[in-house]
Amino acid sequence: MREPLVEVENLKKYFPIVKGVFSKTVGYVKAVDDVSFTIRKGETLGLVGESGCGKSTLGRTILRLLDKTAGKVFFQGQDLYSYKKEQLRKLRPKLQIIFQDPYSSLNPRMTVENIIGEALLDHGLVPKNEVRDKVLEAIQACGLASYHSKRYPHEFSGGQRQRIGIARALILNPEFIVADEPVSALDVSIQSQIINMLGDLQQQHGFSYLFISHDLSVVKHISHRVGVMYVGSLVEMATKEELYSHPAHPYTKALLSAVPIPDPAVKRQRILLHGDTPNPSNPPPGCKFHTRCAYVTPRCKEEVPAYREIAKDHFVACHVI
Amino acid sequence: MEAKVEVRVQSNPACKQEQAVSPGRLVWNRLRKNKLAVSGLVILLAIAVVSVAGPWCSPYTMESMDFSSRLTGPSGAHLLGTDHLGRDVFTRLMYAGRISLTIGIVAVLIEVIIGGGLGAVAGFYGGKVDGLIMRVVDIFLCLPFLPLLIVLGAILSDFKVSPQYRIYMVMLILGLVAWPVICRVVRGQILSLREQEFMQATEAVGLKDRRKIFHHLLPNTFPAIIVAATLGIGSAILTESALSFLGLGVMPPTASWGNMIQVVNDLYSIQHYSWLWIPPGVCILLTVMAINLFGDGLRDALDPKLKK
Amino acid sequence: MAENLVEFKNVKTYFFTEEGTVKAVDDVSFTIQKGQTLGVVGESGCGKSVAAMSLLRLIPNPPGQIIDGQIVFEGKNVLDLSEEEMRSIRGNDISVIFQEPMTSLNPVFTIGEQIGEVLILHQNMSPAAATQKAVEILKLVGIPRAEEIVNCYPHELSGGMRQRAMIAMAVACNPKLLIADEPTTALDVTIQAQILDLMRGLKEQLNSAIMLITHDLGVIAEMADYVVVMYCGKVVEAAPVRELFAQPLHPYTTGLLESKPAIHQDTERLYSIPGQVPNPLNLPADCHFSPRCGKACAKCQEQEPPLITVSENHRVACWLYGEGNIS
Amino acid sequence: GCGGSQTTKTVQQKGDLSSKLTEVMQAEQPEKNPDLAKSRKDTLIIGVNTPDGVLNPLYADSDYDNRINTVIFDYLLGKDPQGQPVPGVAEKWEVSADGLEYTFHLRKNAAFHDGSPVTAEDVAFSYYILSDSSYDGPADVFSYFIKGCKAYHDGKATTIEGIQIIDPYTIKFVLEKPNASVIYSFTEYFSPILSKAYYGKDYKQGNTEGIKKLHRAPMGSGPYKFVQYKEGIETILTANESYWRGKPKIKNVIYKATNENTRIQMLSSGEIDLDEVTVNARNVAQLKSAGFLTIQMHPTNGYGYIAMNIANPMFSDRKVRQALAYGLNRKQVVDAVYEGYADVSNEPESKVGWAFNPDVNPYEYNLEKAARMLDEAGWIKGADGIREKDGRKFIIHFTASSPNPVNDALIPVAKQNYEQLGIQFVPEQMEFNGVVRKQKSGEAEMFFMAWGLNTDPDSTTIFKTRGTQNYLHYSNAKVDALLEKGLATTNLAERKQVYQELYKELNEDLPYIFMYQRRDMYPINARVKGISISPYRNFTYDLWQAELL
Amino acid sequence: MRQYIIRRVLQMIPVLFGVSIILYTLFTMAPGDVVTNMVQSNPKMSIEKQEQLRHLYHLDEPQIVQYGYWALGAIQGDFGDSYKYKQPVGKVMNSYIWNSFYLGLASLVAAVLCAIPIGVLSATRQYSGFDYFFTVVAMVGISIPSFFMTMLLIKWLAIDLPIFPVGGMITTGSSATGFAKFIDVIYHMALPFFVLTFMEVAMFMRYTRTSMLEVIRQDYIRTARAKGLGEKVVIYKHAMKNALIPIITLLGISLPVLFAGAIITETIFSWPGIGPVTLLAVNNRDYPLLMGINMLLAVLTLVGNLLADVAYALADPRIRLK
């Protein structure tokens, strides 16, 4: 197995809820609540979970785009949160992110060339006169034509914009990329282009991905290992083969069974969950999933299940297993 | 394995030749289709041209008096008649136009510099700085507008302001009083821009603060600033005219539309010397309206919601 | 053979914008039979919603206009009906569930008021009775504590609940046709499963037809009986669901089916349809898919392919098939 | 080159008006009187600029308040049309030979509106208030030089030594030094007779709060009693049936708040019967056209002037000042503004004042003469056409208050005239207070302003070296001596000589460029009879005897 | 909610403090003071007298001390006596402010009543002749200087066609009471009322139109139509209720305007409101009165904003005040 690149230890990110006359904090949205995992070099870790379960927050906290509440994040063995501001800025090119929304993630008043090239300039990574060549190279690598470089984002379709976003990350030669739902805003016929591209780039450059998505089939396609999040916590993590063939957590099972299969010939028994996802500012005690779980036991309502390894590389947080 | 990124670039020759359409161009295209905005622009340009170029074509100057023809009505010699000192009203109207337009523009520039700067600082740094600036804005917004202007106008008199520069001080005052509006607009914009993913992206690629502010934040606040500024010109002109009407703005013999009207202060003159006050009134109305129409159109053209 | 409930005959709905004409729905024909679930798939902007709104005659005018064709509902061409008659159909015979449950509910009225309004309007119920009925319907769509929820404002509910409320509003008058315009796109998979399940159940219970608009082929496979595939305002293929998935004919359909990674099988590499959807403005009279099509030839770039019938229920618009077969 | 033909003619027609105390233009068509006015049988409505509502003459700061106060309150002495004292509440008075003691004998039938008699106590009371340390009204009692006022003010005495109550109807004022002008103060607003019983209830030395509370409930002994004050709208008075001069003939008097925009229309519609209107050709024409308005006009008791900072080397030379007077077309300015209803003036006295000196230099507009005088004074034109002397350019910074119609006309004319003379004229306009401030700080080089005059011609504060209002450092030994002499002389004929000499000197030395004396105009509805107005006596003095037809 | 209001009220304190400092500084910075003014009408006032008066009013002290006197009194609810009116400031204001309020309220109510239907119709018929016409009318209303409009009205309706009086509030000496007095006041109010209404109507109209245009683009309007509701119900029930919520803000902002008095309009029409009093107070350097009036307006501005926010929250179920 390859060496670990990013190690996350007991990471927590709480957003304070402020109220009252003197802006007192009355509670927290526990967007990320005690999450630990490792991403190895050249590996893609898929992260699935329902909307609002904290995936993006996790991704951003790992990159220190948001401040953590507790825990540690190691990048190449160094605690990312120990860096000074300027040091961190220098390190940034190694850690990149691709955003979910290809519309709001590009500055509408800058040309594509500037969007992609400005970080090179600002970091002085290449001489000024070579920036343009570099940009054109990256643009082409992402499947756009060089004449696109002078245009503004609004002249592009969603898929093309997402490529610009990828080129922006790619040009800095990163080692680790957080892909925060990079295809969920795109049309079906474009999604696969982007997914393929991400896969190809990984093979070419050896990137490691944290691939965030709520689409289990997409995650399955691209990831080596997959983690499942529920209301701020990881409930299960395993290699994709293991997870999709032997899901252990009841929530993972329900999730997998709920994915509609584009084949009318296949009819399956679906596990229907009842009720809605709990509010992350006021999660249920014990196992957060117990309110919707079919196998709930009295213990589930009181005790937080430990996150443990039930098979090699297969972690689950559930009392029932 | 050397995997090639397999994406067929859509080769559309028509596309290639097309010049890149900048966001500004896009706005202009949209604006052009707004009849009211275009007529506003045309009126405004017409007034500006006549005000700037007109006085050179006039046989009179702003101050040339002719006591033999005082208070004569419109005629061939004096298109809009003469005032109580025998000065040509039309010529004065054009000079006043220069003043009013300059005042509007300069006042707004000041507004934008102060308001935009503080708004940007407040929005970008947030926290205590933001709290402080916003309190100051609150305070300013609580200050009563007209009394304040009157007092400021009076204080002006006390500074050793050379009379030629007095109108610049009037501009400064108007700007000083109105900046909080722009400050709020800019701050609001920056706060929402900060949440945009492209600003997160600038952090992610590790740009320096300076670049974040000047290349990303400020340019994106321009549309809002431009709209606020356009409408601000109109209100600055209105305010100046009100001040001049109260005798505190631009001082005679320098003509401003407001002080030209102010000369007419009794019923008899209102009734019988309408050429003295109706033309400057109409000028203010037309100019401000043209600016407002244009500004309104601009806002619509810049409104992303209308893009669909 | 089942009765036709709705029949689209060569419907053309265009938007005349300042930039140019958008042929949002261009010569579209298909039918929905009683009790059937018709799936409509296609990418964003291909005209799915406009087609559905044309049926309800809710195209914003200007800029939109239904310029040609017939839409027959229960034997009557809805395009000929008076506004009054049309109104009695909307919400009563045909109702809609929209994609965005948050923005599609009026934020300043309670759920009860919004459901009750339909009942008062179409069933002449008294306000009190309408509220009573609203509670019943909310229970029917599986909302717990319906008595409380009926007095809640939309923002107080979660996404899934709101979508249920939308459904409740739609089924309040036992409509003959339920148009579901991407009813689950904004929802999570587990909630999506709940909603789809609910719709299936209701359809059985009320015996109504459903026009299900989505871009998720998985949803189509699960729900639909018959599928219409649209691309750039045109129907490119229409077939019973099994046939379509088993034997897709149009290259676009094929591409669509292949490009979706399937959860139960592994592919090394996904198929992807190259290129982009063309700009909907002023489209030329060619096969709109030809720039992206691997099998395109000269003819495709010159002439629009007609929608031809290849087997009893299977129609396709592509020069590869039928008499004009070019291969 | 300018100077209108038409305007000049009209001016001349009206020229001689100024020599008379009052000019009356009788209503030509009294029958046109509107029903609105005619139907008002027992009520007179007087238009007045919105008063402040300080209905106590001791405290009122506004002339308009005093137009109300004067009919509610009484004074020791009355005035004749020339402004000379005549018996009032005091039926007779004596002045001691040294001019230090003034003894007044009150009539016994004068009574306050509450029926109590007016006594010497009440007369004295006002002076106690005026001298009180907490008094914050505008009157300056110390300028009368009454003995002991200062001590009372500073708390060193509990009574005022110089005010002696001989008996309930006799009071004596003792002065520290002779003051010829003090007699007029007994006719003026600041020495009203206040009921001590009414106003003095809560009064203690050093605390006048109680009096201030009564500003909206005035009670005097005048011809009219206060009824109601409606802020910004009107003040209602009713006749004092037991007024000592006799019962007023008009039962009700209402003072209606008016302004420049409204008063002419209200006069023409009959809504008000009397008001003061700014005089100019337009207004006169309009008032005349109504037909039923009698117009009374008289020279304003005051004059407009251009002041110069005498300490400034530009103006320290008398010759230069004279040149500036010759070089300014004052008539043009005055005519432009007042359209014939003001005359260029050449001395600080009203044309109808008893001390007026008709024989002074008129400084007729004469550019050549002005230029010559400037040359003589050493101000020679430089290369740029601007005169200079000792390396100093002749540039005048003119401070002008705005809005002000005189400045609006004066500035362009002066600019033109002086530029022809080779003097650069830089006007700077500002709010009125700004001008006052610059004037006081001595910063102002030149400015236009107007003075109001009193009945007494004394102008010590203005022209005497280091006079309190002499901000521009004017100093002339001869003037100083004459001013002192004027105050010390009680004989009217002698005094007249002193002042005429003074005016001659001021006209020659020209501390001010005197500008104009304008007119005051009072249109009065023809149905009102018995009111005659003079520069020294406004309509309020006749109100008790006025009648409605 | 109550917490929120308390917090907002507490936040007002520093703002008001700041406002009072700035106002006091500015007012006292202006050249001259009340005594200079008195001297002007009484040229013979001696320097000693002037100094005495300044001393009585504390005008001879440094600005900061003067402010201290004022602030100390103000905290105890004593705003001092107006120099000019020689009355407690509160009393002076009380006697003028209501006249301004009546005028302001009448025109505000009229403006809102006219503006809302016109704005709604303009929005529903966007780009129609009706819309263009009223857009232009509104633009005129927003762009016309109040004094110019006042003069035009005086010329047309008070001089050329003498229908209305040129100023004042009641017919002089009229002893009418009750309804007759009311009619008399209305008659005098007509022109200033029209000026203010016209300018306000324009603003509210634009606002309503914009807000309405925004709302009718929303998905829930489409939903309402899809339910089969008639166009009237869609517009006047579903759209209006949403569109009018932002108008609440505008109403909140108008609270101080009601009491501020339209300085120019009131002055020209000699309406006995607070506007001319303010103008005079500035000219007379009547600091206590100026401070009183302007602090009241500052308080009203803040209260108006708060009221607007609270009303907004009540009207819009989505808003939860924090």
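Order as written gives the chain letters A, B, C, D and E; numbering starts at 1 within each chain.
As a working rule, contacts are C-beta pairs under 8 Å (C-beta built on N, C-alpha and C of every residue); 3 or more make two chains touch, one makes a residue touch a chain.
Only a predicted model underlies this, so the values are computations on that prediction, with no experimental measurement involved.
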Would you pick out the chains that touch subunit B and also touch subunit D?
-> E
Which chain's C-alpha centroid is most distant from that of subunit C?
-> D
Separation of subunit A from subunit C, taking each centre as the mean of its C-alpha atoms, in whole Å | 32
Would you kindly tell me how far, in whole Å, the mean C-alpha position of subunit D lies from that of subunit C?
-> 90
What is the distance, in whole Å, between the centres of subunit B and subunit C, each centre taken as the mean of its C-alpha atoms?
-> 49
Do you know which subunit D residues sit against two or more other chains?
-> 261-262, 265, 431, 433-434, 437-438
Could you list which residues of subunit B touch at least two other chains?
-> 7, 154, 157-158, 246, 267
Among all residues of subunit A, those touching at least two other chains are 193, 196, 199
Can you check the complex and tell me which residues of subunit B touch subunit E?
-> 36, 135-136, 138-139, 141-144, 146-148, 150-152, 154-155, 157-158, 234, 238, 241-242, 245-246, 258, 261, 264, 267, 270-271, 274, 277-278, 281, 284-285, 288-289, 291-293, 296, 305
State the interface residues of subunit A toward subunit B in the complex, per the touch definition above.
-> 60, 63, 65, 88-93, 95-97, 99-101, 104-111, 114, 118-119, 122-123, 141-145, 147, 150-152, 154-155, 165, 168-169, 172, 193, 196-197, 199-201, 203-204
Any idea which subunit C residues touch subunit A in the complex?
-> 43-44, 144, 158-161, 188-194, 196-197, 215-222, 224, 241-242, 245-246, 252, 255-257, 259-264, 266-267, 269-274, 276-277
Per the touch rule above, subunit B residues touching subunit A in the complex are 1-7, 9, 11, 15-16, 20-23, 26, 196-198, 200-201, 203-208, 211, 215-216, 219-220, 222
Using the touch definition up top, name the residues of subunit A that touch subunit C in the complex.
-> 50-51, 157, 159-160, 187-193, 195-196, 199, 214, 216-218, 220-221, 244, 254-266, 270, 272-277
